[in-house]
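So, here's a batch of structures to check.
The same chain A turns up in both complexes below, where it pairs with chain B and then with chain C.
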Partner chain A sequence: MCHWLNRSNKEGLATLQEQVTAATVPTTGLRRRLRLGERFIEVWIFLSGLLAIVVLLGIIAILLKEGLPIFAHTPPWKFLFGAKWYPISDPPTFGIAPFVVSTLMVTLVSTVIAVPIGVACAAYLSEVAHRKLAETVKPIIEILAGFPSVMMGFIGLALLSPLVQSAFNLNTGLCGLTAAIMLSLMSLPIIVSVSEDALHVVPKEFKEASYALGATKWETIWHVCIPSALSGIAAAIMLGIGRAIGETMTVLMVAGGALAVPVSPTDPMTTMTAAIASGIGNAVRGGLQYQALFAVGLILFILTLAVNIIAERVLERQKRKFAR
Partner chain B sequence: MSINLNVPDISARPVEKCVTKLKTEQVSLFYGSFQALRNITLDIPSRCITAIIGPSGCGKSSLLRLFNRMNDLIPGAKVEGNVELDGIPIYDARIDVADLRKRVGMVFQKPNPFPMSVFENVAYGPRRHGIKNRGQLEEIVEKSLRQAALWDEVKDNLGQSGLALSGGQQQRLCIARVLAVEPEVILMDEPCSALDPVATLKIEDLMRNLSQTYTIIIVTHNMQQAARVSDMTAFLMIEPDRAGVLVEYGPTAQIFTNPKDRRTEDYITGRFG
Partner chain C sequence: MSKSITKWSASLILVLMLVLAGCSSNSSYTDDSALSGSIKIIGSNTVTPLSSIWAENFMKANPRVSIAVSGPGSGVGIAALIDGTTDICQSSRLITAKEMEQAKAKGVNPYEIQVASDALAVIVNLANPVSELTIEQLSAIYTGKITNWKEVGGKDAPIVVMSRDTNSGTHAFFKEHVVQMYGLPTADKTLEYGKDVLFLPSTEAGVSQVAANPNAIFYAGLGYVNDKVKTIAVRKTAGDPAVKPSVDTALDGTYPISRPLVYYTNGAPAGVIKAYIDYCLSKEGQKVVLEAGFVPLAK
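Coming up: the complex of A and B.
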C-alpha cells in the first residue's frame, strides 16, 4: 500500500486517486462535498495548532508587558537578590531572594527525596515485579499524578506537619520540609512512570548478555539497565522538577509563608508560586506590587521553560540511542 | 570419567583429551504446559565443538540455554531430569546460577554489545566478578580481544562505542566479552546468522582455535557450518506434539557421511527442514 504512495510520479498518483474516487463516489456533487469536508477539517486542525502557539506567545507578551516595568523601579539584580519583600511599605522594596531561595530549596529537597524512591520503584516495576503486578500498579501510581493538589496540601496540613514538627522539634510543622515531602509525593508518579518507560525499552539482549556473563539481577539493573536508560531517567527527573517548581496550592498551604530568606529546609518559607498566589489578590492592578508579581511569574516561567527544554532534549537523545 | 557415546570413534580428536564436560539425562523442558524438549540424553565432550542442528523451532536454542540456565529467565519454564557440569547437577537448589554462568558463557544470535565502550564491554564480566584494579583489567581486556582476533582492529580506539563496530566485529567483541570471564564452556546460539560470509569464516576460525582450550556448543542452521567446524553433531527434530527430541548424536563425520537414522539422512540431504 505504501510504495505507491511514496512514488514520486505525481501524475500516476493523481490518476490513481481519480480512479479510486471515481470508483467509490459516483456523483461529482458528492465528491465536491467530501472535498469541502476535507478542507474544513484541515483548516480546523491548522487553527487549533495555531491557537496553542498564539496563546503561548500571548502569555509571554502579557508577562513581559506587566512584569518588565518593575525593573524601572527596582533594578533587576536588586529585584533578584534583594532580601526584603515589603510591597506595601513606604517606600516599598521588592527583593524576591526569599522566594527564589525557598523555591530552590523546596525543589531540591523534594527531588532528593523523590528520585531515589522513584527510580527504585521504576526498576522494581520494570525488572523485578511480575508483568501482571506491574501492569496493575503502574496505572495506580499514575492516578496519584492526577490527585488534586489542594487535597495534597490538606493531607500535608493535617497529617504530615505534626509529624515533621515532632520529629525535628520545631515551633511549627508548616515549613519547607513538609512542603518538599508533599511535593516529592506529587512528582513521584511522573518520575516512576517516565523512568519505567525508559527502563522498559532497554533491549532484552543487553540484560541477557549481562546475566549470561554471571551478573546478578541487582548488578544487571545497576550496571546495564539504569545506564542504558539514563537519559530517559534524567528526563523523568527533569519533569519531576518541573512539577515541583510549578506546584502552588500545596506549598501555599504547608510551607509556612514566612517572608525571610530561609536558612534551613525546616524554616517556614514562601516559594515564588505561593508568593504570586497569595499576593496577587491584594495587589492594585497596574501597581508596583502587581508588576513585581508578574516579574516573579516571568522568572518562574523562564525556570520551568528551561527545565522542560532540557527534559525534551534529553528524551530526544534517549530515543535515538537504540535506533541503530 | 570416560566418554560414553553411542558411536565409539571420536573423529579428529585424541580420545584421552576428551572427558564428559556436560551431560544431560532424560531432560525434558516445559514452557508452562508446552513441552519444548523431551527425554534428551547427551554427553558433551570437553574441548570439542559440538553442533546442535535441526529444523526451525525444534528446541535447539532451548537445549543450549539449559546449560547455563538462561531458561530460568523465562517465566513458567520448568526442567525435568538431570543436567550435569563436571558431574555436578546444575539444577540443584544449592547451585549459584551467577557462578554457573561465569563457567558457562554464552554468545547470542544477534551481536549484543552493551552501549558502552569496547573496553567497558570486555571489562564488564571481570568487574562483576570483583576485579577492580585498572592494570589487571587492561591486561584481561587485551588478552581477551587478542583471543577473539579483534585486538588489531580496535587497539587504537578502545574508547569507541561497541555499537560503532561492524556486525562481525561486534560478534567477536561479544566473544571477547565472554572470554574475559574465563569460562570453561562457551555456548553459541547461531553466532553467524546475522553475519556476512567473510565474518562467518573469521568466527569459525576463531571457534576452531578456541576449542583447544574451551568446550564449545554451537547451535546452527547452517549444515555446512556444522560439518566444517564441529567434532560432534546432535540432530534434533520436532515430534507431532511439537516437542523437540534428539534423533541422533555422534561424531560429525559419521553423522554427515553415514547417518544411522533415516530422518537424519533426510534432513542433511535437504529432503526436509
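Coming up: the complex of A and C.
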C-alpha cells in the first residue's frame, strides 16, 4: 500500500515541481497570496485529518453505547461462546460462537487460497512477464478489485455453488467453501496489485548480484525478490484478510446461513457480517436483538483491529531486520 | 491550467442547466386529478410483488402520486412503522404483542387492514418422489428430528432444509404454525428451527435452490411457486386428507398453511393512503391479487 501511494505521490510532486519552475519569479503581492493560500491548505488538511479521527471515535462510541447493554442480558462469555442464536424467540437467546467460528474459517480458507496465487501472480508480473504485458494485465487485475460484491455473490450462487456441490459431493453448494473461494477472488486483485508494487521497488542491484552469483531466475525470485519485498507482501496479505473479514453481501448470498457451529469449511454457515446484515433490518431500535447485533459489530471491529495491529507489528519487525 | 478550469466550469454549467431543465419540466407538469403525494411501503418480501402491481396501477391512474415499495421482510416493515420511517407496513404475519407494546411506547398506533391471503406452499425438487407430508412430519424435518428422506417415504438421501431468515414474516409464520404446530394437539411452543437449517436472504434464492437441488425442501408464498419445483400436499394430521396448495383450497380453508397478508398504518389511513388502500380492497384491486398468485379476500 505504502509503495503504491508513494509512487503516485512522487509523480504528482514531479509535475508540481515542473509547474513551479516553469512559473516566472513571483512578485511580492503574488508571494503574499501564495502564503495565504498555503495557510488555507494547511488548515484544510488539518481539519480533514481531524474529521477522520472524530468519525472513527464516533463510530467506536456508538458501537459501545448500542452494543454494551446486551451484556446486562447475556453475560459476555455466554454471548461469545454460546452456540444458540434465537433472536426472535421468547425468551431470546444470543450466542454468537457459530458466527465467530464461521468468520474465522471463511477468512482463513480464502487467505490460504488467495495468497499463494496472488504472490505468484505478482512475481510473474514483476519479474517474468514482458514489461508491456505486465503493464496491460495489471490495470485489468486492478479493475477486478472494483467488482460489485453483489455480482460476485450472484456468480457464486449461479455458477460456483453447483460446481462445489458436485466436486465435494455435498448436500448443498451453499457453504463456507463457496464463500471462501468467491472471497479469495475478491481479495486477489488487492494482493496482486500491492505485492507487485512491493516487488517492483526491490533494488535492481539485489537481483543483479544474485544473477552474478549464478542463481537462476526462480532462485532469484524465491531467495532475493520475495524476501526483500516481504514487508509489502505482508501488507498486501493483511489488506486481503481485511477485505475477506468485512465482506458481507457475497457471504450472505452463498455461505448458506445455517446456525450450527461449522465443523468443516464445506458446512453451510453464517458469518458475523452476514448475521448483522440479515438481522438488523428486523431489529427495533434499542431492542435486545438490536443491541446484540451491535455487540457483534463491536467484536468484528476488535477482530479487524487485532489484524491491523498484528500487521503493523510484522511490518515493523521486517523493517528493523532490513535496517541492520 | 486556466484552460482546464474553463473547460471544467463549462461542463459544470452544462450539467447544472440540464438538471434545472429536468426540474422545471417536472414542476411544470400539471394534472387534473386531485390526488397527489407520495407513499412509502416497506415490509414483507412475500407481499412485495402484489404491492408493486397495485402501486403501478394506482400511479398510472393518479400520475401525481408516487409510491415506493420495498420488501426486506415483515419484521423490517413493522420496525419501520414503529420508528415512523414508513407510511404503510406490508406484512405477511400479524403484529406481535411485544411489537404492539413497543409501538405504543413510541406513540404509534398500528392500524390493521387485511388486503389478501396467502397459501404457504412447501416445495421440493421435481425429482423428489415424496408428494405429501403431515404438519407433524414437516415440524420434525424443520427441527432436525427427521434428517433423511427415507423416513418420510422418499429416497435414502439427506434432507437439505431451507428457510427464510429472521427478517421474514414467512419465517415467523412458518415457525408458529408448522414448526411449533400451532392449534394441533401436538403443539409445542418451545420448538425452534434446527441448527442445520439454511437461512436464506430471499424467497427467490430458495426457490431456485430447490429447483437445482434434488434433496432440498423450502417453503414459499404461492405467488413465488413456479413449474420448476413441486408443491407438497399437506395433511393437518395423519387422519386428514392431503391438500395441495392453491387459490381454491386456501379460500375454502381446507389447505392448512394459509395466512393473512396485511397492511399496517399509523392510525386509520387518511388522504392519499386511504385512496390507495381503498383501491387495493376494490373489486379491481382484488382481481390483481388473483393474477399475482395470491388468494383474494372472500367476498
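By definition in this document, the second predicted complex is superposed on the first by the 262 of 324 C-alpha atoms of A that agree within 3 Å, B and C clash if a C-alpha of one lies under 4 Å from a C-alpha of the other, contacts with A are read in each partner's own complex, and residues count from 1 in each chain.
Here is the rule we use: contacts are C-beta pairs under 8 Å (C-beta built on N, C-alpha and C of every residue); 3 or more make two chains touch, one makes a residue touch a chain.
All values reported here derive from a predicted model rather than from experimental measurement.
Q: Sharing chain A, do chain B and chain C clash or fit in the superposition?
A: Pair status: fit.
Q: Applying the document's definition of touch, where does A:Leu213 land relative to chain B and chain C: first, second, both, or neither?
A: Touch partner of A:Leu213: chain B, not chain C.
Q: Using the superposition on chain A described above, determine whether A:Ser231 touches chain B (first), chain C (second), both, or neither.
A: In the superposition, A:Ser231 touches no partner, neither chain B nor chain C.
Q: In the superposed arrangement, does A:Thr111 touch chain B (first), chain C (second), both or neither?
A: Touch status of A:Thr111: no partner.
Q: Let me test your reading of the model: by the given contact rule, A:Ser278 touches which partner, first (chain B), second (chain C), both or neither?
A: A:Ser278: touches chain C, not chain B.
Q: For A:Leu157, select first, second, both or neither according to whether it touches chain B, chain C, the two together, or no partner.
A: second
Q: I want to verify one number: the closest Cα approach of chain B to chain C after the superposition, in Å.
A: It is 38 Å, taken between the nearest C-alpha atoms.
Q: Where on chain A do the contacts with chain B and the contacts with chain C coincide?
A: none
Q: Which positions of chain C touch chain A when the two form their complex?
A: Residue positions touching the partner: 1, 72-73, 75-76, 79, 82-83, 98-99, 102, 158, 160, 165-167, 172, 192-193, 195-201, 205, 208-209, 212-213, 215-216.
Q: Within their complex, state which residues of chain B touch chain A.
A: Chain B reaches chain A through residues 68, 70, 73, 75, 98-102, 105-106, 108, 110, 112-116, 124-125, 127-129, 163, 174, 177-178, 181.
Q: Mind pulling up the chain A residues that touch chain B in the complex?
A: It comes out as residues 130-131, 203, 205-206, 208-216, 219, 223-224, 227-228, 321-322, 324.
Q: Please name which positions on chain A make contact with chain C in the complex.
A: Listed in rising order, the residues are 19, 83-84, 86-90, 98, 157, 162, 165, 171-172, 174, 252-253, 256-260, 268, 270, 277-279, 281-285, 287.
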